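Below, subunit A partners subunit B and then partners subunit C, in two separate complexes.
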Partner chain A sequence: MNLITRGFHGRRGGDPARIPPGQYEAHDFPVLSVGPTPRVDTDDWAFTVTTETGTAHSWTWDEFLGLAQERPHVDIHCVTRWSKLDTDWVGVSVDTLLADVESTADYAVAHSYGGYTTNLPLEDLTDGQAWIVHTFDGEPLAAEHGGPARLLVPHLYFWKSAKWVKGLTLTPGDEPGFWEQAGYHDYGDPWREQRYRGD
Partner chain B sequence: MTRPTRLDGNVLAGPLSEVFSVDLTAAARLCSVCGDEGVCAQLLVYADGPGLVARCPGCAVLVLRLVRTPHGVVLDLGGTGCVTIPLGEEP
Partner chain C sequence: MPSWTTATLEADRWETPTARTLVLSVPGWAGHRPGQHVDVQLRAEDGYTAERSYSIASASGPDRLELTVQLAPGGEVSPYLVQEFRPGDRVRVRGPLGGWFVWRTADPDPVVLVGGGSGVVPLASMVRERRRTGGRALFRILYSLRSPDDRYYAGDLGAASDPGVDVFLAYTRSAPPGSVRGAKRLSVADLNTHGFPAEFTPLCYVCGPTGFVETVADGLIALGHDPRRIRTERYGSGGGR
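This part shows the complex of A and B:
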């Protein structure tokens, strides 16, 4: 007779092969913020892609919802060491938003309501790797988690998935964002534990 | 839902003591954006993210970022404004 069951450990089918080194599986959804939570009304919301030549492409909330919607089912990994498996989102692929954008830029900076920024290679935002999401787990994305819409780039540490996102600026060179300026890794691959600059 | 934790500037005392020999949380601060006057211990600190982020209690402007990495302390004081640090009586 087993006196200790797996249930005592609180696991719900977690797969260790899906947890990057140095991470643990979280079953809640921690809220991490660097300032007051912006409260953005969808009537006032807009998403803008600005190219390196200054050309801007913008979508209102209704226009954004009218684009092709995708349902990414992904694992997410925060640099503060929690990972959350099997998360469900609804949103628009960055590929869709960039479809009519002419650019030769290699990098992008995501800008958020509230002033947060993060930088990514453009090739990490395309080819089905990134979305602007507005729904989490079947519900409108809560403001604490970045609603009305956030960037979702699940293959990089979650600080790259900017909450309250309002736009992407395409840039020829790499321009470090909020945490990247402050000592965090420029790229942030959780499988290579690229937490800090120099890792 | 878990909510973010906002603390006051006293939480900065330990991390800043690794860098400075004086207690900056007791220093008077004049915000260069909104003119708010107070001591650094009154800053609003967001501590549950990847680093410590301190903001002005008057206007929420970014005052300080502090990240402890395996390679050292990264400290951005770019929004500090002007601080006055008491040094005691001259001999």
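This part shows the complex of A and C:
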């Protein structure tokens, strides 16, 4: 149905090769969270990968900073319709964190300080597609944007890039996370506009 | 899941010189839970579309819903919806959306609602739904606004028809003549005085611009509220809503 909104002209200008359908380009960095911002001291911070057999691999903040650091330069897309182009981050590739982890799991759940969870296929976290980042635009990542460290999975809607991340649990089956249980799409590909369950 | 459906502007109300309530006729609309939002899609003659999310302001009901849109100067969608959109004009909507920033009418727990600016919109839906359903849960609303001229729903929110709903207006730039509090930012002392004590384990809903929500949520935690009882909705400064 091609209903026209009389008198609406809109503002073009976004690059359709980089702005997914239904998104607009934002020049600031809006925030979407479901509750208060957790304040996590890096002295207390740890990141843990737990396999489907219960084996855990953990890093303290200093150990995490001692791993190979990468500098992803990516576009990000939030389900609330803003996209932000050319963002710069520093962090550790999930490939690095999984290098010594034995697992046959197909899925992962990211867990955050504050209780937030989100689920992803493991193949979307590997092969240079995902990082645990601690720096944005040259500055330590602010708490309201997920600091001290957040997951960064730029090819999926940004709710998958869990803020205040503290670990990944590898699971044989798909286990829907917070927004996924609340009606959002299980996978969340912005280029296929997978916003809500059933899209 | 939710499919797009046609919404026609039926009536409107000006809440302030820059905020307009749109009464939309949406045949087949089945109602919503207070706090939820809808996606709105506008289509230009050449097929270009723009979509934004807006909180629902009205109580739940069939075949119509109300949105309040604050003009964001320089924005793409809100100037159209506030200044151009006329009765009989049409957009498409889909929803209701969002399953977390929602108040359940059957929940007897006391409720603290804290809204900053246009963040009062989903909170108004909760108060109106409470009224519609004859709810008895105790509500305390803290509404932060710049001046008396910026007040939404003046004749409605905090009306005498809502026993058990207290409304505190926190003016941040200019207060009415004779105000004892004067004009200042909403403080932890305000939250302490006009909210419920943490011992009552109220549900807290906080909605507004990011900085406001951060400050209020931190203040509630400082007063001993359980972070898991605090639900937030932040309006990005990107002009999205």
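Here, the second predicted complex is superposed on the first by the 185 of 199 C-alpha atoms of A that agree within 3 Å, B and C clash if a C-alpha of one lies under 4 Å from a C-alpha of the other, contacts with A are read in each partner's own complex, and residues count from 1 in each chain.
Here is the rule we go by: contacts are C-beta pairs under 8 Å (C-beta built on N, C-alpha and C of every residue); 3 or more make two chains touch, one makes a residue touch a chain.
Keep in mind it's a predicted model, so treat the numbers as computed, not measured.
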| item | value |
| --- | --- |
| Partner chain(s) touched by A:159 [first = subunit B, second = subunit C, both, neither] | first |
| More subunit A residues in contact [subunit B versus subunit C] | C |
| Subunit B versus subunit C as contact partner of A:142, first or second or both or neither | first |
| Subunit B versus subunit C as contact partner of A:128, first or second or both or neither | neither |
| First, second, both or neither for A:66, with subunit B first and subunit C second | neither |
| Touched partner set for A:28, first subunit B, second subunit C, both or neither | both |
| Subunit B versus subunit C as contact partner of A:172, first or second or both or neither | neither |
| Which superposed partner A:82 touches (first subunit B, second subunit C, both, neither) | second |
| Intersection of subunit A interface sets (partners subunit B, subunit C) | 28, 30-37, 80, 115, 144, 178, 182-183, 196-198 |
| Touching residues on subunit B, where the partner in the complex is subunit A | 1-4, 46, 48-51, 53, 55, 60, 62, 65-67, 69-71, 74, 76 |
| Residue numbers on subunit C that touch subunit A, as the complex places them | 1-2, 4, 6, 42-45, 47-53, 76, 80, 84-86, 89-92, 97-101, 210, 214, 217-218, 220-221, 227-228, 230-232, 234, 236-238, 240 |
| Complex contacts: residues of subunit A adjacent to subunit C | 1-12, 22, 24, 26-28, 30-38, 80-82, 114-115, 144, 178, 182-183, 196-199 |
| Complex interface listing, subunit A residues touching subunit B | 28-37, 79-80, 115, 142, 144, 159, 178-179, 181-184, 195-198 |
